[in-house]
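Each of the next two complexes has chain A plus one more chain, namely chain B in the first and chain C in the second.
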Partner chain A sequence: MRNPLIHRGFFREMVRQLRTKGLVGTFILAGVNLIVFSVLITRDPLDGVMSNLDPRLMALPMLLFLYVMSPIMVFGAYRWLCKRVMSDFYHALPLSRTQIYASATAAIFLWLLIALGSYAVVNALLFTVFGMPFNYLLYLCVFLNMLLAAIEIVAAFSIGSALCGRRFAAFFQSVTVLFLPRILLTAFWMFVEGDSWLATPFSLLPFFLNPAFNIAATPIHSLIYNIDFANVPAMLYSLVYGAALLTLGCIAFRRRKSELAENPYASKVLQTAARVMVGMWSLISVIVLLNLRVASIAEADEVFSAYMLAPMTVSAVIFSFIFYCLYELISSKKWKPVVKAMPFYGLCIVLALFYIFVPNWIADLRKPSEVSADEIKSYRFNSESSLLLPFGIENTRSYPDYLLEHHTFSDLRGKALIATQSKKYQSRHSYDSLFYSDCAVVRDGGLFRKVVYLPDSSPSPINGPTRKQIYNTCMNDPAFADKLLSYPKGMIWYSCNGLTAAEAKEVGRLFREDFEKLTPGQRETLINTRNSLIDTTSDANVIGLRITLYGCVGTNNYYITYKLNELTPNATRCMLDYLNARYEKDVRQGLRDFVRWMEHPDDSMSLRTIYIGTLIRRRKRIPPNTRC
Partner chain B sequence: MIQISDLIKRFDEKTVLNRLNCTIPEGCVYGLVGSNGSGKSTLLRLISGIYRPESGTITIDGQPVFDNPAVKNRIVFVPDELFFLPHTNLRRMEKLYASVYERFSHERFEALLKDFGLDPEANLNTFSKGMRRQAATILALSCRADFILFDETFDGLDPVMRNLVKSLLYREVLERNATAVITSHSLRELEDTCDQLALLHAGGIIFESDVDHLKTSLFKVQVAFSDDYDDSRFEGIDVLNCIKRGSVASLIVRGDRDETEAKILAMGPVLFEILPLSLEEVFVYEMGQRGYEFSEVLKQEVQ
Partner chain C sequence: MLKALSEAPLATDPAHCVTVRIFDYHYSGSIFGTASVESMTIGLNADEPLMKMILQWMREQKIDDVAVSYDGV
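Moving on to the complex of A and B:
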């Protein structure tokens, strides 16, 4: 019985044809892996703990690999589609179109899977062998996300290949298939959220490049701040979207005519649509790139006089037009289509102007001026917000997620608090203000429309008292407080004041024993609230004794820093012993230097920072934060 | 049997095949002849399932060909422009063919290699045009397909190899009841190869017939009488053409040879001789009968 989808013989043949590319890709990815790991291993083991746990560390090389290798693999597998002789040869083989498509796609996936899988496995092995922190579950999710991304990218390039008979045109078509839906969807969400969408494709480029992000199911702000590789609905969405694209690719491939080879597009309608897309986006890109104040362009009333007629904008149009003609020339390799395409450039300009101006005009019309506490529908914190630092917890889903997940402002106190602040806010549509503001208030603006109030760029009005108020509001919630003040769960790695990993682990064990004996109130006093301590790289140099716990609970990473003092006697004792053993010689030398300096003051003499725990070992009371 | 009905194929605005009807029986060598651009290659690509027709049907034993692997497994196509994987040899190509053609025979492949004397390990890029066609022929015949389609079959082959290919084709037809469909713009090339011939012109088959029947049913008669005579003397005989030079007339006659001979001998000629016609001559007269100018239909041939 023949397999209607995958022809085993042809699949083997395709695997054989892609062998060189697949092996080279695998070795390149392995090389990248070794370089990254060798950089990590040469650092202080604890310096890079959080970055080791950061899934982006693993995702980035894989994503770059996918973006380079997927087109190479797809164009390699389907190179015969661009040559009449080759196209005839393959279409004459006793295989159905579906079998050819499915077998070739399966072969591409096999090689991508080999490369990505070997990368992931070797990475996990290296981290395990060298005892470095590694969140296995999260990295599995990253790996799955990358496989889903591979489906999407391969499918997009397959569609491009099926629709075009020249590789250049196929490349542009594939890029359009891959990015246009997410750009339009994101623009839609931006519109719903009340933000400017003009610069969406440019300011959010890193997010667009990651096909694993859940674009359709998640509003834009979650897209930006919620880099959650373990989001199952998002993964399901990616799977369904990728499968839909693969199916579309199969349909396009089945309907493709063999004689399309060496012709740029399957139909004149498609050719016109493609050239209009190229013209429109090249124009928008050039305008955005040339005008740094792009958001202001869209908001300004006098745009036409101020910007559209400016020499720079005219240059952008000319540049875009040249690009448009060049695209047509290279894709068709004939002059005649270039001449035919020229009138369509007007359509590109009209569409670009529509994209730039119309949504903002609509937004301006619907912009209310003030907001009261009752009107607030929701609010959100930006991940960069310093409002939430007192919690001293970080997970991969950022502070706001943690807060919003574990604590709900069910009463109006929190809303009122925000509303008070929001009176000082301006409703801004400038995309850049998004990245400098702490908190946003969202008000219902009607169908498919939220009105978002972003604070002024300066965060000063809401720092200080407001931060403390939010913290207190959260801590008044017993369930939230209990969660926050219990000992962290999951796999934990410890770091304290420059100790080795093994030493820190021992201190951590004793710290836990001490911590379990404390009351919630005492535990709260141990939580480090100093913002500067968030910087783990200076962990060894912070004032006082500290222990930082890096942990993974499921797919979530976090870290939390505690003070070590008389409330944790065993851990403190142990830590000081280690410090003494390590620094005793330095301490004695330092003290001698200090005494000499006291006796014979010399301004040119430099004094080192030293820990002096050894010298007070036999004293009954341990002075906290001892340092000179 | 290959059955083609009302086949239309267009490339952009140009209609290459227009309502073409044709039946290719099993177990024969079927020749398609036509001038350049008449649609021979397109027809073969349609039969082999490469192109999808705009309308009309192509069936093999009642099954549609396009996108039908079961039927396509019974067809092998050798195009005019040959394709081999880049930087590869015959062994590698054998693997490719063997992986997709269910009836590919390794033994047959080895035997054909010996017959043609090609090195299976040599890079195909180093092969001459004729050697590449030999290689393609070896691969095609090793597939043991029921329908073997050759486009410009003998292009680039030397006379020895032409004869070898012809004899191999006959063997396929005789031993396995395979059907070979071969095209050429040269009628002479197909004359001694095909059992059936079809003439393709202006998007359709304008003439199709059994070669033996053509040659036997149409013949040339040279006759002379002692008295003066004209065309009316030959009433009752199907004379397609009559040219009289002096007392000797050259007739192109269609019909039964013995019957015609008897009729003319009864008239008491002083000279009587029956001569065979070349296939080209047969076509000239048949085309003339159908209102076509043969030199227009097969420009290449006349030149």
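Moving on to the complex of A and C:
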């Protein structure tokens, strides 16, 4: 019986035709693994545990691969669509259009799957063999997200190929198909949630570029927040969206006429949309770039800025207009369509102005939204570095943060306290890490969506609660305190400053035995709460002895640092045994150098700092409300 | 004082131990001016007269740790 979708012979032929591209892609990703291998094999064992719990490391190579290889594969599979003779030949084959489309798409996916799968398996094996922390479940989720991203990208470029007879136009129309729905969807949520875009038009671009970030499931409020790869509803949305795009590609392919080959486009609407996108984004880009340049020269000199505003805007419009016309000229290779398209350039200006000004205008009109304690479903802390990275993907978080996010308060009192302390929440974000909270509250947005509110930290004074306040509030809940002061759950890797992974593991085993003999009050003194709920200070390992636990529970990662002192005698003794054996000579020499320097100051001496610390615990005055 | 400290016997018992940690700063000298820090720690006997003196001073100052820096650090 004939398969109405996949024609085996054509599928095999497509696999054969794409083999060079597929193998090159596979080898490129294998090259990334080779780099990982060389880093692992040459690393200093005393650098402690290298963490690969952070999904950024896993996702980025795969995402870059997809953005480069998927269009190349699609254009390779459909290259005959751009040559009239070849197009006539393929259209005359005794196969249905659906079979051609489905067989070609299946061949593309097969090669992408081979490249991504072999990369992912080897990557996981490398980290396992070298005993590095690795969250297998999270890695599987990242991999599934990448497959969903592959569906979206391949489908978008298939639509572009089906609707155009030239590759240049096909590329831009595919990009429009891929990104325009994301931009429109974001704008939709902006109005539904009554929220604004971020401060600059380019702040959102990393999220638009990352198909794993599903805007339908995680609306505008969360755009500044981390990407949750383990969000099942978001993955389902992505699957449905990808399937819809694939179906649209099939419809476009079935309706395509062979005469379209070597002609620029079949759809005037899509061509206009692509042209307007080119004009609009080039206008916004030039304005932003010029604005940055002027700002760097003028340094907020208002007179200079005002003086430069008019010529800057005119230059941006001229540049953008040239790009707009060039796009039409290159795609159509005729002057007539360029002349016809010129009046529509005004649309680019209107859309760019809308994009730049209207969201801020709405934000200014809108009153700050407030979240009552009843609405709060959970709390989240931002990790320090995640906001600054181009793909804004969730970083490893501290154990108290992990607990806070997954803890359900037994009564509303805890939630109410935090809500009261937070005073008001506004989605406009300003980041201030250590002392004032970047704690966000999460409420149910319906349709499986979680809406994240961040405390407004501008204008000053900062409205958010301090981490210490939140810590005290949390510790009032016995269930939370019990979890925090128990030994952490899940798969755990240990890291001690100056010890190899194997030595740290032994110290960790002894630490656990010591820890479980302690009372909750004693355990609390081992957690570093110097300034905040979370140990975010970089001096965590500077003074005294410390052990850091990297753990994962399900798809969640965490880390926590404990002090080692006379409360944990076995672990401390074990660690000092290793350290004394390794560093006695160097430290004594360092002390002698220092003494010599004090007696005969010498400028040529290298920069050194000496810390002297006791391991004898001092009694701290613990606030009454933090006691269990 | 530090001369005696440099000769003090090693210790591992946390109840009678002082940790001494030395940081070495290595500058790569590249155009980015990156620096790496290597830290080395050992435990010394807190029952030594010199250590007792240091610990007494730390108790009086109500501090857990003391940093001795030079060359502008």
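We adopt the following convention: the second predicted complex is superposed on the first by the 413 of 628 C-alpha atoms of A that agree within 3 Å, B and C clash if a C-alpha of one lies under 4 Å from a C-alpha of the other, contacts with A are read in each partner's own complex, and residues count from 1 in each chain.
The criterion applied here is as follows: a residue touches a chain if its C-beta (ideal position, glycine included) is under 8 Å from a C-beta of that chain, and two chains touch if they have at least 3 such contacts.
Everything numeric in this text was worked out from a predicted model, so none of it was measured.
Enquirer: Contacts for A:587 in the overlay, against chain B (first) and chain C (second): which applies, first, second, both or neither?
Expert: After superposing on A, A:587 lies in contact with chain C but is clear of chain B.
Enquirer: For A:595, decide between first (touching chain B), second (touching chain C), both and neither.
Expert: The second partner, chain C, only.
Enquirer: Once the structures are superposed on A, label A:566 by its partner contacts, choosing first (chain B), second (chain C), both or neither.
Expert: second
Enquirer: With both complexes superposed on chain A, which partner does A:576 reach: first (chain B), second (chain C), both or neither?
Expert: In the superposed model, A:576 contacts chain C only, not chain B.
Enquirer: Could you say whether A:545 touches chain B, chain C, both of them, or neither, answering first, second, both or neither?
Expert: Second partner only.
Enquirer: So in the superposed three-chain picture, is A:340 touching just chain B, just chain C, both, or none of them (first/second/both/neither)?
Expert: Touch partners of A:340: none, neither chain B nor chain C.
Enquirer: Which partner does A:505 reach: the first (chain B), the second (chain C), both, or neither?
Expert: Neither chain B nor chain C is touched by A:505.
Enquirer: Please work out whether A:497 is in contact with chain B alone, chain C alone, both, or neither, and reply first, second, both or neither.
Expert: second
Enquirer: When both complexes are superposed, which of chain B and chain C contacts more residues belonging to chain A?
Expert: Counted on chain A, the partner with more touching residues turns out to be C.
Enquirer: Sort out for me which residues of chain C touch chain A in the complex.
Expert: Touching chain A from chain C are residues 2-3, 5-7, 10-15, 17-25, 39-43, 46, 54-55, 58, 62, 64-73.
Enquirer: Any idea which chain A residues touch chain C in the complex?
Expert: 497-498, 541-545, 564-566, 568-569, 572-573, 576-577, 579-580, 582-584, 586-588, 590-592, 594-595, 597-598, 605-616, 618
Enquirer: Can you list the residues on chain A that touch chain B in the complex?
Expert: Residues 2, 7, 9-10, 12-13, 16-17, 84-86, 88-89, 91-97, 99, 254, 257-259 of chain A touch chain B in their complex.
Enquirer: Quick check: in the complex, which residue numbers of chain B touch chain A?
Expert: 11, 45, 48-52, 67-70, 72-73, 75, 77, 79, 81-83, 85, 95-96, 98-102
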